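Listed next: structures, encoded as structure tokens.
Across the two complexes that follow, chain A remains constant while its partner is chain B and subsequently chain C.
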Partner chain A sequence: MSRLAANLRAALVYGLLSLAAFLSIFPFFWMLVGTTNTAADIIKGKVSFGGALSQNISNLFAQVDMLQVFWNSAFLAVVGTILTLAVSSLAGYAFEMFQSKTRERLFSVLLLILSIPFAAIMVPLFVMMAKLKLINTFTAILLPIIASVFIIFYFRQATKAFPRELRDAAKIDGLKEWQIFIYIYLPVMRSTYAAAIIIVFLANWNNYLWPLIVLQTNENKTLTLVISSLASSYYPDYGVVMVATVLATLPTVIVFFLLQRRFVEGLTGSIK
Partner chain B sequence: MNKMLARVRNTAIFASGISLLALSSAMATEITVWSWDPNFNGATMKEAAARYAVTHPDVTVNLVDFAKADLEQKLQAQLASGTTDGLPDIVLVEDYGAQKYLLSFPGAFEPLNGKIDYSGFAPYKVQLATVDDKTYSLPFDSGVTGLFYRTDILAEAGFTAADLQDITWDQFIDIAEVVKEKTGHPMLGIDLNDAGAVRVLLQSAGKWYFTPDGQPDIAGSATFKAALETYAKLLQAKEIYKPVSGWTEYTGGFTSGEVASVFTGVWMTATIKAADMSGKWGVAPLPKLAGVEGATHASNLGGSSWYVLSSSAEKDQAVDLLAEVWGKDVDFYQKILVDQGAVGSLLAAREGEAYKATDAYFGGQAVWQSFSDWLAQIPPVNYGIFTNEADAAVAAQLPTLANGGSVDDAIAAIDAQVRAQIQ
Partner chain C sequence: MAKSRIGRAEQLNGWLFIAPALVLLGIFMIYPILWSLWMSFQTGRGMNYSFGGFANIIRLTEDPVFIRALTNTGIFLVVQVPIMIVLALLFAAALNNPNLRFRGFFRTAIFLPCVTSLVAYSILFKSMFASDGVINDLAMVLRLMDAPISWLGDPFWARVVIILAITWRWTGYNMIFYLAAMQNIDKSIYEAARIDGVPAWARFVYITLPMLKPVILFTTVISTIGTLQLFDEVNNITLGGPSDSTLTLSLYIYNLTFKFMPSFGYAATVSYVIVLLVAVLSYLQFLVARDRKA
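Up next, the complex of A and B:
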């Protein structure tokens, strides 16, 4: 009797899990199917693979300079991630390690900044960039993101778990603060860095509003802008849109799978 | 010594290179244009640029395309910032938003009176871009409406093209009921989140959500009441339409062959023709609001126009491009009609070959001639600044109306919401 109940329970759990898995995977599957179908078939709701893949790919490359656009997105995401991590992890480390009277107050102000929506500072930021003559440059996109309050907060929290004894021991051995950071802190915190890389890379790769406002020419456009433009024409070619979407999804998938194990460790705060 | 010579030589080459560059940039003009569909409005501007380049080989046009919502956000942010860095020379603006930009950013756009002969354009297009007797746009594509319908399905139900001429919406509903009964096809696809149909009905009788001086014209407007009552009647005849959600399902309704008709802007023609049902479609005039003063069979949905930015360094050249090609080249309008399906607002264009041609897809009907006839009859209205807000207020009431809610209550609610929002 109890065995039957256990089986029933297992069936129910697996049923629900399968449903959840289906719901998560279907959009991805639908996107892949879409790359192989014509726009007309997609609108009709065709769920099977078709033969229009090469046509869709060549249409996309005929309409958009994909190599340039892909390079733009990749450059911004990679350089943005490196700079953000370099600056924000140092800040997070410093906030936790160094004592000062104003530290907590300053940190509260930083956290308050988190609550200001980007749309509110967009116009003043644009004026600033225009005065610096940085409109339509990648610098204008990178500058506002490298000091990321969220990543500073994230590193400070993670640093709380960093054993201070390690730092003390290193100090006794004669290491300077920057040496401690590079030779002791960095290796110990690699899971935290991995998780931060995923978070920042995703955010930069998907960055939309600010590049939209600042970038002015076709040569400088990023993938997200191009997809938005493709998808909103009067008669969108959804096959082409799907190919572009798959191309846009690939790097994030690759980065995630490469760092997946460390990402989970980083989020659960493990330090070995 | 040799090194020294080489350096002098290099400097000389470099300097002459610079002066050459300076020379060529003084002669060559690049006009930057923002538009939102590279296959539609972008392509038409490309054609215009090619024609202009024949007489002005030194002028090139740099087309930048964004999604429409993106372009509007970008333009809004940049105009609001007060810096003119990075603004284009010419920008495409949807007609419903024209007054908002013109009134919110006085001085940002260049008035074109005296440079463009506005008497040659559809009057409603000129009026919507006019503020204080100054007109700012080169009127581009029209959203002149018509009733696209499946001739084969209507024939199966016993109707011919003649049965759709000069009818009212009540008669349309009667026809739709017969079509549904005899063929099983719903006559329309209706999205309850979209108030576009109410806009079409309103303008067909020469009214809008607002009076010409910008005050709400909702509660107390006989035309608004008639439009909403008519649409409520349609919504309540649930068997004649297929409820849809979103644009893709809406267009999918008739491109898949399920839905028998659609009343919408002429720009839908390309979508309908892409559906591979040649000879099975026809176009009839928009049904009319019954018992309303000034009601016509002509209305508009969407459409856009070109505007020149006052801050543009190439302003004169940009205006000249619009005036020379868009302002009078009838042949150009034939080309963009054939290639992009774009119906411009230059009335003289209809005398060209392409406008007179018949279309086998529409059973040999001269559809462009019909559309351009209706184009000249569209009643001008003032779209005002708050069309989007009013639209949202109307859309919020549509589900209630579909379920038999009172039209008077809906009007009161819409009026209250609009007044609250525009304060």
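Up next, the complex of A and C:
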């Protein structure tokens, strides 16, 4: 009897997990199938592969300058990630390494900011960028994201595990503080940086609301903006949309499978 | 003497290292927050505005669209966040069993939605829930319903689609947090409980859940903040419709500023409603968590 109960329980657990796995994966399958079908078939719910792939690809490239769009997304994601890590990791390191009463108070103020939603500052940010004549520029996208309270906090937490003896030894050897940061801290903390790179890169690559507000010409639109506008027409050509969606999703899926362990560490690392 | 000189050098470096971040945060974060506060007392259109006192706050209470956006955001919050957290806890509990087969596969599969961009998955959901679309087909084949549902054309079902979509995207994310926390719980506690004959469900309720309280609190706060800011999904799946049934506060702010004749002052007032809600709800959640501990 108890064996029957155990078997039933196992069946329930495997059943539920399989259902969850199926539901999680199905939209990815749907996306891939969609790239090979016509818009009419997609709307009718066709779940088998069709023959419209090359047509969809050439339609997409005819409608949108994909090379330019892909470059825009990649540029913003890469440059944004480098700048964010440079500025925010430096601050996180310093908040932990050089402690003072004033800076502790500042840090508590920063933690309060952490929960301010972007919606609360987007209107003034937009007006500010308009006054600075930065609308339609990548500068306007990058400036507000470079100093990230979350990444500062993340690096401060991680720095608690950085061996202080290394810094003391380097000081005795005559290294200056900035040299210690670049030649000792950076290489020692590379796994922290790897996790942070993933978080920031994904956030930048997928960023939508701020670019939607700031970038209004076709030449500087990002992949996310292009997908959104392709899909928002009254009769969207879903075959074309699916090809663009695959192009937008592929880099993040590849990053995920290459760095799966770091990826998960990066997401959960902030609470440890 | 020498000591104080080292101290002064450290002080200087401390400020120099955080200076770039502080300057940027001051200009692009603190200043906009204060500006927004000041703006919320201004009325007018575009760049022509003047001091209006509490006019915007009075307008809030008389604005049916704002009330609807607030109600919708509240519904998403109250219905979606608990469903997602319970599901994430269940999956994490099941995957925490070291004897489970295909563990890596299940974990990866359930986590995979997190790698999609909010816009990309929104569009996938929009196409799947089309009125002749694949979800209706599947549900009919499985005899879950008799007639196709006009998912995105009906106010109730449109909300259901949004809730399903967010749950799909974020359950795995929360699950990973719980799984990491569960793996940090000392195994010997479970052993002792098992020897004492405590059944599995009771071990989960009386050992696992209390141990996970900080993580559950953390994810609840994160999810609450996320839901209060809901924008990408509604803007891409339903555009806030039909008849404003999925309009959220963020989408309303966006519309007020960039779709209609810009009303910066009023938009700033609505945005401060979000700030206030985030503050109050985070505080309440901390209070609840502390009470249960005592």
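Quick note on the criterion: the second predicted complex is superposed on the first by the 235 of 272 C-alpha atoms of A that agree within 3 Å, B and C clash if a C-alpha of one lies under 4 Å from a C-alpha of the other, contacts with A are read in each partner's own complex, and residues count from 1 in each chain.
Quick note on the criterion: a residue touches a chain if its C-beta (ideal position, glycine included) is under 8 Å from a C-beta of that chain, and two chains touch if they have at least 3 such contacts.
Bear in mind the structure is a predicted one, so any value in this text is a computation, not a measurement.
Asker: Should the superposition on chain A be reported as showing a clash between chain B and chain C, or a fit?
Answerer: Clash - chain B and chain C, as placed by superposing on chain A, overlap.
Asker: Counting residues of chain A touched by each partner, does chain B or chain C come out ahead?
Answerer: The partner making contact with more of chain A's residues is C.
Asker: What is the contact status of A:233 with respect to chain B (first) and chain C (second): first, second, both, or neither?
Answerer: First partner only.
Asker: Tell me which partner A:17 touches in the superposition: chain B (first), chain C (second), both or neither.
Answerer: The answer is second: A:17 touches chain C but not chain B.
Asker: For A:63, select first, second, both or neither according to whether it touches chain B, chain C, the two together, or no partner.
Answerer: Only chain B; A:63 stays clear of chain C.
Asker: Between chain B (first) and chain C (second), which does A:44 come into contact with in this model arrangement: first, second, both, or neither?
Answerer: both
Asker: In the superposed arrangement, does A:3 touch chain B (first), chain C (second), both or neither?
Answerer: A:3 contacts neither chain B nor chain C.
Asker: Let me test your reading of the model: by the given contact rule, A:213 touches which partner, first (chain B), second (chain C), both or neither?
Answerer: In the superposition, A:213 touches chain B and chain C alike.
Asker: Contacts for A:136 in the overlay, against chain B (first) and chain C (second): which applies, first, second, both or neither?
Answerer: first
Asker: Between the stretches 73-81, 91-99, 217-225 or 271-279, which region of chain B is in steric conflict with chain C after the superposition?
Answerer: 73-81
Asker: Enumerate the residues of chain A that count as touching chain B in its complex and touching chain C in the other.
Answerer: Chain A residues touching both partners: 43-45, 122-124, 126-127, 209, 213, 228, 231-232, 238.
Asker: Can you name the residues of chain C that touch chain A in the complex?
Answerer: Against chain A, the touching part of chain C is residues 9-11, 13-15, 17-18, 20-22, 24-25, 27-33, 35-36, 39, 87, 90-91, 94-95, 100-102, 105-106, 108-121, 123-128, 130, 132-138, 168, 172-173, 176-177, 180, 214-215, 218, 221, 225, 228-229, 231-232, 235-236, 239, 249-250, 253-254, 257-258, 264, 267-268, 271-272, 274-275, 278-279, 282.
Asker: State the interface residues of chain A toward chain B in the complex, per the touch definition above.
Answerer: These residues of chain A touch chain B: 39-40, 43-45, 63, 122-124, 126-127, 130-131, 133, 135-136, 209, 212-213, 216-218, 225, 228-229, 231-235, 238.
Asker: So in the complex, the part of chain B that touches chain A is made up of which residues?
Answerer: It is residues 36-40, 62-70, 73-74, 77-78, 80-83, 85-86, 88, 248, 251-252, 255-256, 267, 270-271, 274-276 of chain B that touch chain A.
Asker: Flag every residue of chain A that touches chain C in the complex, lowest number first.
Answerer: 13-14, 16-17, 20-21, 23-25, 27-28, 30-31, 34, 42-47, 87-88, 90-91, 93-95, 97-100, 103, 106, 110, 113, 115-128, 143-144, 146-147, 149, 152, 177, 181, 202, 205-206, 208-209, 213, 224, 227-228, 231-232, 238, 241-242, 245, 248-249, 252-253, 255-256, 260, 264, 267-268, 271
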